Structure formats: structure tokens, C-alpha cells
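Take a look at these structures.
The two complexes that follow have chain A in common; it is paired with chain B in the first and with chain C in the second.
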Partner chain A sequence: MKKRTGVFVCHCGINIAGTVDVKNVAEELMKHSDVTHSEDYVYMCSDPGQKLIENSIKEHNLDSVVVACCSPNLHETTFRNCAKAGGINEFQCEIANIREQCSWVHKDKLKATEKAIKITRSTVEHVVKNKSLEPISIPVTRRGLVIGGGIAGIQAALDMANSGYEVILVEKSPSIGGHMIQLSETFPTLDCSQCILTPKMVDVSKHPKIKLLTYSEVQEITGYVGNFKAKILKKPTYVDPDKCTLCDKCVDVCPIVVPNEFDIGLTGRKAIYIPFPQAIPATYTLDIVNCPGLLPIACGKCIDVCEPGAIDYDMKPEIIEEEIGSIVLATGYDLYDKENMKEYGYGKYADVLDGLQFERLLSASGPTMGEVLRPSDHKVPKEVVFIQCVGSRDPELHCAYCSKICCMYTAKHAMLYKHHVPDGQAYIFYIDIRSGGKDYEEFVQRAKEEDGVVYLRGKVSKIFEENGKITVWGADTLAGKDIEINADMVVLATAMRPTKGAEEFAKKLKVSLDKDGFLSEAHPKLRPVESVTSGLFFAGAAQAPKDIPEAVAQASGAAAKAIIILSQDHLFHSPIVAEVSLNLCTGCGMCVDVCPYDALSLKDNKAEVNEVLCEGCGTCSATCLRAAIEVKNITPGQIYEMIDASVGG
Partner chain B sequence: MAEEFEPKIIAFLCKWCSSAGSDLAGVSRMKYPPNVVPITVMCSGSVSPLYIFNAFQKGADGVLVSGCHPGDCHYIKGNFYARRRIALVKELIEYIGLEPQRFKMSWVSAAEGKKYTKIIQDFVQELKPLGPQKKLRREK
Partner chain C sequence: MVNLEEIKKEAKNILEEGKVKYIIGYAKSSNALMAAPTFVKKPEDIDKLIWDPTCFQNLVKFLLDEKRKKAREKEPDIRPVGIFVKGCDSRAINVLLQEKFITREDVYIIGLSCEDLGVLDEKKIFKKLKGEEPEKIEFDQRKNIVISTKEKTIKIPLKEILAERCLECTSSFPVISDVFWGDRNNRSPKEPFKSLEQIESLSQEKKWDFWQQQLSKCIRCYACRSVCPMCYCDECVVDSINLAITADTTAEEKSQKIKWIEKSPESSENFGYHLVRAMHLAGRCIDCSECERVCPVDIPLRLLNKKLEKVAKELFDYKAGLDPEQPSLVSSFKDEDPEDFIR
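Presenting the complex of A and B:
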């Protein structure tokens, strides 16, 4: 059956009409057997232009429309809405791009007109075989998942829960809090980190809408936007938090001492431990890797002293399955591995520390109760050298990028050191000072002027131990001379890296990473919290190095994006998806193998399309040997006709 | 003097990168010969070898397939499939005795209007000395 197509050729002022004879295009198209009506107009996208299309559809009883105008990226939606207003299905409207791909790139009016006719004819061939389609409606599971319980994950979970949605917060370690809870005070206001974070942690634990799963890891995410399924492994802590009274007797009797992760090895902890006093959930965890055995015969001291009977050696790993609608990834960062920084003696000399270790030394609840003491001999260091850009901004050997927060926290470290040891001297080796941020530059100036911190512009060439001192060789490039400092302690501002295991985790979730291993956002400027996978959002340092205010802002942004999905009963998906001809399909499965979205599967020996997952790329269609699968409204049959019209006479 | 031979080129452009790159050439008012008629497809991975040979049968003198740069595919990996398939198409074209210069694959991002312009300019110049493609052309 012939279609009744209307062709509308836009002049776009002189943008098209200056190079293309638009009247001629309209006349030529009128000769096509499927074209019922054809006309040109000066600005088709203007109100009167749109009205003209709408009225023509009704007047000429059109069933499809081709608008020959600018790129479909600009006005496809405009004209599809216009077709809808005229009473026809929006997918019966196609755009012939005769501006960007024709009038603007050619000079010869005759040839440009010929080409515009071919493009428009080809588009008519396209539209005459289009089917009327409706957007696919997807129901939404109105519950969110946040992965990572640092400040970013906490903020995202609270924002989502406070908006009224249930949230599952998964944290791999025994407590939430992330790296922020390890910090002493925060720049530029010197708020105590624990004082500002612990209330939020408590809010999480008390929130009726938040289900907190600590010591747990997301093992698998399947499904799609609005309808994800998460498989979460909850590792056994061997302690029932409901029975535990935090009496600490189990810790007293435990004979095993291992390095304490929370103090980055500056202290030890037992095999049964609470990560830090304000941990949420407030309970002990029995670290099975270091415990001599769960058999009472091997040790069993803790179970013997536990009066409330909270310790249970028979606790088993648990797989928890949850259905969720949207996901926020906030997997955080780790510091650059010290193995990589041997030239600075990190890991070799006890008094060479990294930034987080120094935070613990400064912390009032730290291993020295806030006194700055050398780990080697517990003496107060009188000269401390801070080195910035350790592993950062070093494309030859380490990370090419700037870790962003080190300039600020090093200024803070030096300042706090001076507050603790007023007669001590702090030196900072730096490449540049990057103190962009509200009140940040003033903070650095304060360190220099009020606290007398000596800033030396240059790199450090060597660090070695000599007579109980750490000798630092470096250069002061502003004074143009070599510097040697016999320091008591050295603090390295090591690079920020994506958290360990982030790569494997990203593979599991099919999230792409950038060249440095950070989560790769959908658009660096306009979609900074979204992943390319619909329904998956990013927050915090997992996406790029960032400080606390930025991580919090991004977390609230990601939460808002996640809520956009959760706030709807149904989502709509483009109906331009693959379709299988069951009588042609032989069930060979080649399409299933090539589908980038896992949208195809074999059912009863025939390919089956999951229309929600399908993005309509058509890779399956090009792969199928029997032409049994094609994408709706851009089928091989349509392409062949379009080729015919495009080659022309 | 006889009129100069003007080759007809069909360009299969992926919607997200190459078609957008060709739009950019327009927005930047770059100029290239009008010998090419673009057909926008969703992904270079959807371009079946049959499309390419169909274009030659219909009388195209040259065919271009252009997609996102490898690794940048809007559909994750569609252009990797395109790349493998196109390698075979090239061999087949040589095998059946068609001039290999008549077929081209390129990677043009949405930011590469200039590159697209250059590809079309060069392609037209390369096709001119070959004359009309008659080997696969089916008379109507």
C-alpha cells in the first residue's frame, strides 16, 4: 500500500536556500509515488512553520512526514512532536539533513540541489517503511543501592533516604566512615573530622529507610535501569551485634596482634577488634584471616570470656539478594602503594610517613593521643619535612595527574604540627601551590605567615637515614641552590589512587574506567555524576581525586540523579530496538555473542530480545547470516532503498 | 574536452560520532565536493557487508564506512565488530577484482569535522582516475 507522505523543505533563511534550490527540491519530491504533498517554507522550525506541518497533515490526510532541514540532532524532537500534534505517530517523521551535510559544505548550487534531492528522497524511502511505534514502558523498583560507606556514600544514602526512598548501603570494611574518619582536622576551617562525621554515621545507622550492610561486598549486578538485581556477600563477623555489650573482654584475651589498618600500621590490633571507638555498627569483628582458628581447641579464648554469648563461631557467609532501581558508586580512594615510592624511603624508614599516617599522629584519638611523636623512638620531632606531589604529576615514573588535595592537606599538616610543637620547624617541598577553593589560598598564606612554615619550591632527590636523622636532599629552585635538611621526620603527600580492587569491581559492573583507573563519567562537563550505563551514578574520589566538600556535593548530585529514577513509577525507553523473525532464526546464537548489552538470549532455540536492554545499535543485524534480526525502523530493507535513492540515476 | 568524471560516493556514517563530525564540518562551513551522499546508521557495527556491495551494485563508485574511534563506540564495542568485518570486506573486494581504493573505512569523532572534510576530498581525488565502477554495477 502506498503511503501518504508529506515533504517539508526548509529554507533556513539563506542557510539552505542560499545554496540549494529549495523549490526545486519540493517539486522533484512531489514526483515520488509515495509523496502526497510537498512544500517549502522559510523557517520550518518557527511557530508558523510547525503549524504549517500540523495543518498539512490534517488537510492532506498524511500518514508520514519528511522534514528536509538541519541536522536531526537539532530539531528531530521538534518535528516529531509536531507530527504528533498533527495526529500521526512520532516515528512516522524523519529528518533529511540538507544543511550541515549539504548546503553548508558545498558552493555549487546545481550540484548541492541535486544532492539535497537525493538526501530527501532517501529519507522518504526511509519513512515509507517506518512502523508506528510507542516508547517502551519499564516499571521501576523504587529502592536505591549505595556502594561504599565513606563520606560520599554516607551523604548519598542520607539524601536518598531523606527523600523517602529505601536505600541499601554496602560497605566492605567492618565500619562506615571511610578515610574521612581517619583524619584529624579538616582544611580550611580545622573542624575535627570525627566531630563532623560521626553524627552523620549515627544518622545512617538510625535511619529507618537505610539498610546498612557492613563487612559486605557487592558480587554481582544484573538487570537494567529501574530493575537492577544485586547479589551481596555478607561476610561473617562471628559476633552478634545485638547481644554484644562492647565490654572489650574478648579483645583483652585475644593473643593475636596484627597491624591496625585504621592507624595504617602505626599500632597493632587484635584478631577480634573494633576498628575504632565510634565505629558504626558498634561491635567487634573477628578477623578470620588472622584468628588461629574457630575451633575452641585451637584457641577459643574470646568465646570463653564473652558473657552475653555474642560470639558465634558457626556464623556463615550470607548471600543477600536485593532488587533496586538505581545505584550510586562511591568506592573511594587509596593512597599510592608505598612499594612504588622506595626512593623516598617510605616503608624502609620508620620516620618516613604518608599523609594518612600523619593524620593519625595528629588525631586526638590516634596512637599518640594527638601528640606528634616519631614512630621510631617516640621523641618529639623538631624538624619535619613535608614533600608534595609524591607520585603525582610525574608522568614518566608514576601518575601524570594532580591529586588535587595534597597542597591543602600538607599546609594543614604543617600548620597543625606547629600548633603541637611551637618550637619545631616545618619545611614543605612543592612544585606549585594549587589552592583553588573557598578560603583555601588564605589558609596556605596563614600557614606561611602565622605559622612560619618554610615553603621550598623544588623536588627532593634523595632521602636517607643518618645518625638517627632523616637526611633530605633537595633543591630550592627559587634561590637556585641545593638544600640539605637533617630532619626528624618526613611526611609524603602520596598520590590518590582508585581504591584497591576497583578495576575488577568495575568489570563486574560493566562500568568503564579512565586511563588512570578512576570511574569514567558519561560526559566530563555535562554529565559528571552519571556513568554511560543508565541508572548508575558516581560520587566521591572513585571518579577523580577530590576533597571533602567536592565529594559531598557530588554525592548529593548523584543522589538527586538516582532519585529522578526512583521518583517515577515507569521509565520510558526508545522503541528503536532489535526484532527477531522467528521463522528465519535458526538459533545459531551469533547475535547473542556480539550484543554489547547482553540484550539477546536464546529461548526455545530462537533469539529473544530484551527490549529494555537493547539500545538499537544493530550489530546483531549485521552479524546474522539469515537476516533474521533487524532494528525496527532502520532495517536492511530500508537501507537498500535508501542506497538506491542516494546513488540516484 | 569531455566533462570530468564525478564519482558517486555512499557514506555510511554512525549517528553518534561520524555523522556528528560531518555536521561539525557543516557548522564550521568547511567545503568538500558534493559527490558524497551520507546515510546515517546507528552504529558502524550495524553496517552489513551486504550494504557495501549493494551500494556498488546500485552503481556507487566508492563506499565509505565511518564510525567512532576504536574504544570510543557509543555502543561500547560495535565499531570493533565493524573493524573486523571491514577487514574481510577489503580482502573480498580485492579477491573479486574490484579496485581496493573504492572502499574506505575511517574513524571520525564528533569533533573531527576537519578530518571528515579531508577524507571526502581525498576520496574523490583517489576515485577520479579510476573512472566509473562497472564491475559490480547491475544495469536497471
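Presenting the complex of A and C:
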């Protein structure tokens, strides 16, 4: 049966019409036996353009539509809705991309026109074999999951909970707070990091809609948008927070001292410890890796001294299963490993610190109670060298990208150092200063002008210890000379890396990572907080290096996206999904192995499609040796006809 | 050493006990150089069975027919079929198991090791005989073959007339079996892909010319497909002739069948057929070389499959049929895979 297809060719101003003779395209397509009507218009996506399509469908009694315009990524939905408004099934509308794939990449008008005709003709061949389909409806579990309890995760959880949805917040360490709680003061306003973060942490702990799972790790996510299932491992802390009175006696008696993660090894902590005074939840954690053993015979000092009997050596790991509708990933960052920065003596010389360690030195709650002292001899450093881009912007040896926050925090470090040690001298080695952001440039200028920080444009070649000083060899490329500074302390602005284990975790969740290991967003501009897997959103430095305001903004964005899902009774899934020809399927299971969405399984020796999980990618169809599985409305038969139309005459 | 008398004894036992429906093995044929496939159903017929280097056919193909036959029967005999397999043949069984085309219960595998030998290459012998018809052959000490023709008797060292695949074989014993004869020594040929050397040394243009010339000979008799144990699809995607029509094939489905390749044996269509076949055998071909052996126009088909075998080995450390549980080559990926885009 012949179809009655309408072809609508868009000029897109001169975007298309400048290179393609759109009138000619419309005329040529009219010759196709399935085409009943064909016309061109200056902006098909404009309101009158859409009206034109709608009216033509009714007027010419069309049963299918081809719009020759920009990429279907942009206006497919627009024109499918338009087809629907015209009274035909929305899946009887297909887009011929004659802009990105034709006019934008060609110059010769004759040849470009010829190609546009072929593209459009092949799309007509596509649409004439389209079937009318209905979207698949799926119910929604109206509960969210946030993974990562740093500032981004905290913000996302609060926003979702404040919108009235239940949220589960999972954090792998014993307390929420992330790296922000380690910072001293924050640029460019120099407000105390803990002071602005702890109220939010308290909000989380008190919020009736938030279920907080600390010392827990998400082990597995199955299911699909609106209907995920999470398996969360809650590790035992061996302390019952309800009974614990925070008397600190257990810490006093514990004989084991290990480096304190919160102070990045600048201080020690016991095997039973509270990460920091404002920790949420406020309780102790017994670190089983370092504890001599959970047997009274091995040590048992803490259990003896605990009056309320809060310590329970028999606590077991717990697997918690939760059903959720949408997920925000906020797994954060770590600093570039010191093993990688041996040339700067990091990890070798006690007075070579990374940025986070220096934050702890500056912090009022830090190991020196806010005094800047050298870790080696506890003397006040009089000359401090700050080095930017340590590991960043170094494609040959380290990370190719810019870690973005270091210019600002280094300026802050130098400024705060000068506030603590007014007679000291701060030097900053930099490649260039990136201070885009509200009040950021002014902040850097203030460091230079008001606080007398010396900025040296150049790289540091070598750092070594000599006579109790740290000698820094570098170059000042503006003055064109070599520089040697005998410093008391060196602070490295090391690169930001995705948090350790992010790669494994991404694999479990089947989210893709970019070349540097950060979470890869669905579209760098238009879908910056979404993953390609629907229902999964990103917040914070797990996606790319960001400062606090950006992380918070993105977290609210991700929360809003997650809420879009939670706020609906039903979600609709595209019906462009795989379909099995049972009589051809031999049940070899290759499609099952190859499906990136776990949408296929074997049932009674035949492949079966879970239509909700299927994204219609067609990998199964390409893999099947027997052509027994195909994607609806983009079948091998259609592709064959499209190729024929593209390469023929 | 493989002892034929012991094999016969086992064959007799399993037939008498009713453990198997029948046994697919080898028997003498009218062609002195080639054993014929034989189906032994009664214990008294077991003396037909032979085992020597003339047993070069891959009998696994018959399991496909058995499966189809069983599917047609109302009350099928579900007992397994006994089958003689060599090392290469056993890997074909593994691929069929891996692809769930048969189940382990369908077969009773009588594994026979080729040990340090292998099977004959008829074509190599014909070359040596220079057109004379062999009437009788004998094997001398597993070292030589003694061939008698009307005119003369010649003695040829076995190594000279073994099949190419046997010279490149790395595991000459069955990797899966229910009963087993012979040794299980892995071989490590110096050049497991020696047969590819010459073609690989050619320039791209020369390679094209070579295949153009070879594939233009193809008469599309489909003998290669018919003999291949991996070609078990009811309908071959590249050949619209044998459209599988079942009770539930709709008229629309019939009309929408795509003719990816025309029936005519023109070289462009022949390229399409053979290259698609080769791709469909990537990671599945176990190098039994039956396709090349049966080709009536002597197209060196083994080279195509061997090349893909080499690529799979070098890039993905993959060898077909080693284990029925291993993932298939084309539907699996490892993080160590060399192409970053796969992730």
C-alpha cells in the first residue's frame, strides 16, 4: 500500500538555504511515488512553520511526515508533537538531517543539493515503512537516592527532601561533609567553611524525609528510570550511636594511633575515633582495619571503659535494599596522588604540603589550632612558595585538564598565610591566572596588591631540602631569569582527580566516564547534569573540577532533574525498542551478552526484550548472526531501503 | 596410543546398554584416501568403525541434522548421540554448546586424540600421485603412508601429506569428551599461522587481485556453508533463496525479506557472500577446514577464516571453542581490549 507522505524542507534562514537549493529539494521529492505533498519554508520550527505542517497533514490527508531540517537531536520532538497535533501517530514523523550532515559541511551548492535530496529521499524510504507506535508507560517509585555526602550530595538531598520526596543519602565515610568540611575559609568572601556547611549537615541529620546512611557503599544498582533497586552495604561501626554519649573515654584508652584522614596525615587518630567534632552522625567509628581485633583477648580496652555499653563487637555488615525512582551521583574528588609528584618532593619532605593539608594548617579546628607552623619543626615559616598547576595542564606527564579551582585557592592560601604571618613572604608560581567568576579577579588582585603576594610566572623545575630549608628552583618567564628561593614551606596546588574507586563504581552503574575518569554528561552544553542513562544525574566535582558555588548550583540542578521524575505518576518510554523474530532466534544469547542496558534475557531458549530497559541502540540487531532481532521503525529492511536511496541514482 | 579395539569395545557397550541412540563414526569408503561417515545403530555393526588419518571429516555437522530431526518428532528419543571427535571437532561441539544450539545431554562424546599426527590432505596426495588413482593405502609405523595405484606403490612420509591445519594445530586432542583415547599433549607449532604468511606479505592491491581472482571462481554452490558445523541457521542472512517460512511467517515478513546479496555468482556478490560468512565465523570457526576441502573450485577459504582467527588471537587473546562457558568473541568485551572506544 502506498503511503501519503508529506515532505517539509526547512531553510533554517541561510543555515540550510545558503548551501542547499531547498526549493529544488522539495520539487525533487514530489516525484517520489509515496510523497503526496512537499514544500519548503524559512523556519519550520517556528510557530507558523509548525502550523503549516499541522494544516498540511489535514488538508492533504497525510499519513506520514518527513521534515528535512537540523539534527533530530534538536527538533525531533517538536515535529513529532506537530504530527500528533495534525492527527497522525507521532512515530510516523522522521527527520532528514540536511543541516549538520549536509549544508554545514559542504560548500558546493549543486553537490550539497544533490546530497540533501538523497538524504531526504532515504528518510522517505524510512518513514514509509514506519509503523504507528504508542509510548510505553511505566510507574514511578517516588523516592530519590543521592550517592556522596559532600556539599553537592548534601545540597541535592536537601533540595529533593524539601520538595517533599523521600531521599536516601549514602556516604562511604563515617560522616557527611566531604572535602568542604576540611577547608578553612572559602574564596572569595573568606567565610569559614565549617560555619557555612555545618548548618546544612544538621539539616540533613534532622530532616524527616532524609534517610542518612553513612559508612555505607552502594554495591549495585539494577532496574531502570523510575524503578531502580539499590543494594547498599552498611559497614559496621561497632558503636551504637543511640547509646553513645560521646564521652570520649574509648578514644583515651585506645592504644592504636594511625594517620588522621581528616587532617590528611598531619595528625594521628585512634582506631576508635570520631572524624571531627561536628561529625554527622555524631558518633564513634571503630576502624576494624587498624583495631588489633574485636576480641577482648586481643585488646578490648574500649569495650571495658564504655559505661553506656554502646560498643558492640558483634555488629555485622548489613545489606540494605531500597527502591528508588531517580539517582544523583555526587561522588566528588580526590587530590592527585603524591606518588605521581615525586619531582616536587611531595611525600618525601615534611614541609612540602598539598593544598588540603595547608587548609588544615589554616583551619581553626586544625592540628595547629589555626597557627601556620611547619610540620617538621613547628616553627613559623617565613617564606612560603605556592606552586599552581601541579599535575594539571600537563598532558605529557600528568593530567591534561585545568583543575579550575587552584588559581583561586592558591590566592586564598597566600592571602590567609599573610594574615597569619604578616612579616612572611608568599610566592606563587603560576602558568597563568584563571579567575573567571563573580568577584574572583578582584580577589586575586587583592592578594597581589593588599597582601603583597609575589606572583612569578613560570614553572618550578626542582625542589630539594638543604640545611633545613626547601630550595625551589624555578623560572620567572616574565623577567626571563632563573629563580632560586630558599623557602620554609612549599604548598602544591595538586590536580583534582575523580574520587578513588570512581571507575569501578561507574562500571557498576553503567555510566560512562570521560578520558580523565570524570562522569560523562549526556550533552556538554544542554544536558550537563544528566547521564546518558535516564534517571541518573550528576552533581559536583565527580563530573569535572568545580568550586563550591558551582557544585552547589549543579547539585540543585541535578535535584530538580531528579524531582522531574519523582513528581510523575508514570513515565513514558520510547517505543523504538528491539523486537525478536521468534522463528529465527536460535537462542545463542549473543544479544544478551552484548546489550549495554541489560534489556535482553533468554526465555525458553529465545531472546526476550525488556522494553522499558531497551534504549533502541540496535547493538543486538548488529550482533545477531541470524537477523532475528531488530529495532522497531529502524529495521534492517528500512536500513536497506535507505542505503539504496542514498547510493542509488 | 589410540587403540581401535578398545574404542570398538566401548562403542559396543554403550549401544548394548542403550546409553546412546546411535554412534556417528568413520568407516572405510570406496575412496581409499577418505573415510566415510557412518552411523552405527546395532552393536553387531561396530566392526565397521575405523580410526586413522583418513578420518578427516568433521562429523559434528550431523548433530545439527539430529537436532532438526528431533524437533520434528512427536515423541523424540531423547538419548544422546555418540560421536567420534578429534581435537578440532571437539571445539565445534563447544561452540554449539556455547551458543546453546545443543545441550551437553544431547551428545556422548567419544574423544580421539590425533596425538603427534593429524589427518590427510587429499589434494596434497593427488599432487604427489600425478593423476594416478589410489587403490589401496596402508600406514607404516605412523611415519609413512604406502599408496598403491595400478602402476606402482609409493611411500610418502606422513608429514608431507598432512592437512595444513594439522601442521598448525596447537591442541590435537579433544577439549571436551565423555570417553577419551590417546594423549593430551599440547603442541606448540613454531608458526601456528604459517599459511597466512604469503598472503599477508602481499600489498593491498595484490591481495585484492588475489581474492578477486579466487572469489570470481565461486559458483555459489554453498557447499562450504552446507558442510560447516557453525552454519546452522534455518535461514542464511546472505542468501534469500532459503527463506525460512514457518506457520507464523506473515505475508508482510515474506515481502519484506531483504536481498542483501543477489543470487547471481558475480564477483561483487561472491565477495559479499564470502566476507559476510567469514565475519559470521569470527570467533566461531574452529579450523576444521571442511569448507576448503569441499570447495569444488578450490577457493582457499581457510585463509579467510584463519586470518580472523589470528586477529582474534592477537587482539583479544581469543580462541574459539576452548570452553563452552567462555563468552563469544563478538558479544563480549574486556576492559583491557585495545580499542578505547569500546568502553
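Keep in mind that, in the parts below, the second predicted complex is superposed on the first by the 480 of 649 C-alpha atoms of A that agree within 3 Å, B and C clash if a C-alpha of one lies under 4 Å from a C-alpha of the other, contacts with A are read in each partner's own complex, and residues count from 1 in each chain.
To be clear about the criterion, a residue touches a chain if its C-beta (ideal position, glycine included) is under 8 Å from a C-beta of that chain, and two chains touch if they have at least 3 such contacts.
Keep in mind it's a predicted model, so treat the numbers as computed, not measured.
Of the two partner chains placed by superposition, A:215 touches none, neither chain B nor chain C. In the superposed model, A:643 lies in contact with chain B only, and not with chain C.
In the superposed model, A:626 lies in contact with chain C only, and not with chain B.
Applying the stated contact rule after C-alpha superposition, one finds that A:349 touches neither chain B nor chain C. In the superposition on chain A, A:605 makes contact with chain C only, while chain B stays out of contact range. In the superposed model, A:594 makes contact with both chain B and chain C.
Contacts of A:583 after superposition: chain C is touched, whereas chain B is not reached.
Between chain B and chain C, B contacts the larger number of chain A residues. When the two complexes are superposed on chain A, the residues of chain A that touch both chain B and chain C are 594, 623, 636, 640. Interface residues of chain C facing chain A in the complex, by the touch rule stated above, are 99-101, 232-235, 237, 244, 246, 248-249, 253, 256, 258, 260, 280, 327-328, 330-332, 343. Residues 71-73, 97, 99-102, 104-108, 111-112, 114-115, 118-119, 122, 532, 576, 594, 596-597, 615-619, 621-623, 631, 634, 636, 639-640, 642-644, 646-648 of chain A are the ones that touch chain B when the two sit in their complex. On the side of chain A, the complex with chain C involves touching residues 129, 512-513, 581-584, 586-594, 602, 605, 623, 625-627, 635-637, 640. Within the complex formed with chain A, the chain B residues making contact are 8, 10, 19-20, 22-27, 29-34, 37-43, 45-51, 54-55, 58-60, 73-78, 81-82, 85, 117.
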